[in-house]
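Chain naming follows the written order as A, B and C, and within any one chain the residues start at number 1.
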Amino acid sequence: MTPIPKGTVVRVPGRLRSSIVPVAAMVAALVLLTSLPYLLQAYGVGLVTETLILGLWAVSLNVLAGQTGLISMGHAATLGTSAYVLALLQRNLGWSFFQAAPVAVAAAVAISVLFALSAARSSGVYFILVTLAQGMLVWGVVQRWSSITGGDDGLRGIVRPEAFSDYYSYYWFALWIVGASLIALLLIQRSQIGLRLRGIRDSPKRMAALGYSVGTQRLVAFCISGFFAGVAGVLYAGYVQFISPSTVYVTQSVEGLLMVILGGINSFFGPLIGAVVVLFGRAGLSLFTERWLTIMGVILILVVLFGHDGIAGRVRALSQAIRRRIRGRAE
Amino acid sequence: MQIGQTILNGLTYSGLLFLVSSGFTVMFGLMRVLNLAHGAFYLWGSYLGLVVVGATGSFLAGILVAAVAIAVLGLATEVALFRRVRGNPVAEVLLTLGLGFVLGDLALAFFGGNPEQIAVPDLIGGSLDLFGITFPRYRLVLLAVAVVLFVALRFTLVGTRLGALIRAGVDDAEMLEGLGTNINRLATGVFVVSAALVGATGVLGGAFLGVHPGGDIEILVLAVVVVIIGGLGSLDGAAIGSVLIGLLVSVGSVFAPEFLYFIIYAPVILLLFFRPRGLLGVAN
Amino acid sequence: MLTLNSVCASYGTAETLQDVTFSVAEGESVALLGRNGMGKTSTLRVLMGMRSPALVSGEITFDGATLSRRPAYEVARRGLGYVPQGRRIFGSLTVLENLRIAERAARESRPWTVERVYELFPHLRRRRGVLGGRLSGGEQQMLAIGRALMTNPAVLVLDEPSEGLAPAMVGEVMAAVAELHREGLTVLIAEQNLALAAEVAARFVVLENGAVAADTDRESFLDDSALQARLLGVGPADRSPPPQRTPR
């Protein structure tokens, strides 16, 4: 371990204090969201469940993309690995949800470590290409190895935990796990670990000069990202109770990137907002058109061309402008 | 003679892969632009070829129309989209990705989801006996076209002033501009030629592999793999990568169909670990 | 003929040129002096229309036309031949190809040809089929100058052509530049070494912290050892090679 300089020790409490507000906000949001099944029908609750789960997945992608500056095009593979492992353990070995889930999450971490190792020496555009190849590899195995994975037909019969088998109880289950995961992710982001990840994003050379191995930091990022993507994968498998290669495909990975970029790559909650927009948008638009991929592509183009920092960035800029104006009036 | 058949299959597939990946890799070398809409360009070339060949009965007309139309599409996207984010590779990649999704989905909307096949003209159709192997004549023609294209591109790159300009741009684009070359125009030219090439290849490939939704991502990912192996930006690398992947696909689908994709992608990932810029990749 | 008027430029938020004003008359030979990091390379890069550092304000004119905010290729086509810092030879092109790709339609009666470059640097003729990346530093510098000449420039702009070369090579390169100037070519050369600058330039423009600190003729600058010491950090009449750079 590198000795932590004195000044850093002094700064830690301040950083913790600054975490109190968002954590409190999240707890409040959780309480509010808990009452949702009393307000909405099964369809609405289901949509919110999916949004929460994929929102967590998008935030886990942003640990790579936003915090560490690694644009991955293979993040669906991590989600899918966890879901497939859960399904296979349940179907073939008769394991319960809670028996299979830890193994599934561990599998997601393991595949993330493999991804990190194989992409360790690539950066920029090359990194994007390696992760694309990684994602296609997992997809290819899942899609082709049909004797085990069911191929394009996918795997059915994923069993939820007995206590949470109804749509509303599973919603609560997902809500509290996603909530806890987000709090954990937020605390990680604001810790020394998160600081180091941002360090290798912004100035890898300086971090290397300070004695931090860029490869190690990347591995850490992949592990954190993989763990929470694995959690999301387990929850997702339990929610849909079915898994097919499309969950592992590039389109799914790109949808994750869309959530991240649309919501705001430089913000913690941005990808969550992105997930809300993407999933609610798709659900709403599916009533009128089948051209979801076209719309997704157009949105991606527009955000890249005009949307600096996504929705979260826009909101931040707007709130800063309003604050400035209020302050201006007060003076 | 199954092995001979398999190898010949693989080599003809390599020919198609080279046709797809050559423009892609030269474009990357020159402008560091990774066009992830390349597969969608291919798919639209296929569908346009399908329509034109169906309407006119002329294979050549199909190729010409597809080449011109995709060249125009390439020019439009280059001017309207890519130039706005030049110098930001990640934004460029995401932009081309978005464009690829739009084009792929619109192809599905216009042409439906049924797999189609472009008819091969009689002149180059049918099959041929080659050392005891019966083999479709068309595939051999495709391989020949790829070899001719390789020779032509290589001659252009090595033997002409235009080729020297392109290689100089790959080495140091800013310096080349400082000597009076309009690098944007050069890049646009290369991009348009690369688009025309992939449009025409769409027709050739559509008569080989058929035309179907999702074919865009399939071909894109293969092109990506080919150029990663060979090294982004290297024409010779694209040729080597095409032959390797073509043979792997052919041998793999005979002997280990369940792990075909593993056989294709695992070596790529390994190679990138040991040689992050591929076999013959251009330096930064 | 060539004028920089109050040029300010920056890399991102870091200001590199604060107020650079000087001009070069036709047929003149001007040296841009100054210690490391004082803005010599930045000045030349802005002049050549490179994307960084970005021109913040000020104007550059050449032959009555505005050069500032024009793309680099237009600056080159209007007659500025650029020999950049570090030579920047196209490594995967042969010597001959390096020269050929720079060739531009001539504006004068006696245009530069590959043959004429070979006459100036006979060395290059022997090495014409060799890849640029395989050349020695001195050969690369000759090629960089030859390449700039192939654009048939009205002004030759050189950025520290002596940097990192063996002493014998420095002599040959500087003699060629002096010869080109005698033949009537306008020269603007950035140089750290006062003695070398004095060999080719009759006027010195000295930069300090991104601004022009002195603009004098050669003799008065060489006589003013106090000014030399202040601006260049060299002892009086020091004509030895520049001091070793101190590592950061």
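Everything below uses one rule, namely that contacts are C-beta pairs under 8 Å (C-beta built on N, C-alpha and C of every residue); 3 or more make two chains touch, one makes a residue touch a chain.
The shown structure was predicted, so the numbers you read here are calculated from the model rather than taken from an experiment.
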Smallest number of contact steps required from chain B to reach chain C: 1
Central subunit by CA centre of mass proxy: B
Most distant chain from chain A, judged by the mean position of its C-alpha atoms: C
For chain B paired with chain C, centre-to-centre distance based on mean C-alpha positions, whole Å: 43
Separation of chain A from chain B, taking each centre as the mean of its C-alpha atoms, in whole Å: 33
Rounded Å distance between chain A and chain C, as computed from the means of their C-alpha atoms: 52
Per-residue multi-chain contacts in chain A, two or more chains: none
Residues of chain B touching chain A in the complex: 32, 34, 81, 84-85, 89-91, 93-95, 97-106, 109, 217, 221, 224-225, 228, 232, 257-262, 264-266, 268-270, 272-273, 276-277
Residues of chain A defined as touching chain B within the complex: 71, 117-122, 124-126, 128-130, 132-134, 136-137, 139-141, 143-147, 250-251, 254, 257, 261, 290-294, 296-301, 304-305
Parts of chain C lying in touch with chain B, wherever the complex brings them together: 48-51, 71-73, 75-77, 82, 84, 88, 90-93, 97-98, 100-102, 104, 147-148, 151
Chain C contact footprint on chain B (complex, rising order): 87, 161, 164-165, 167-168, 170-172, 174-183
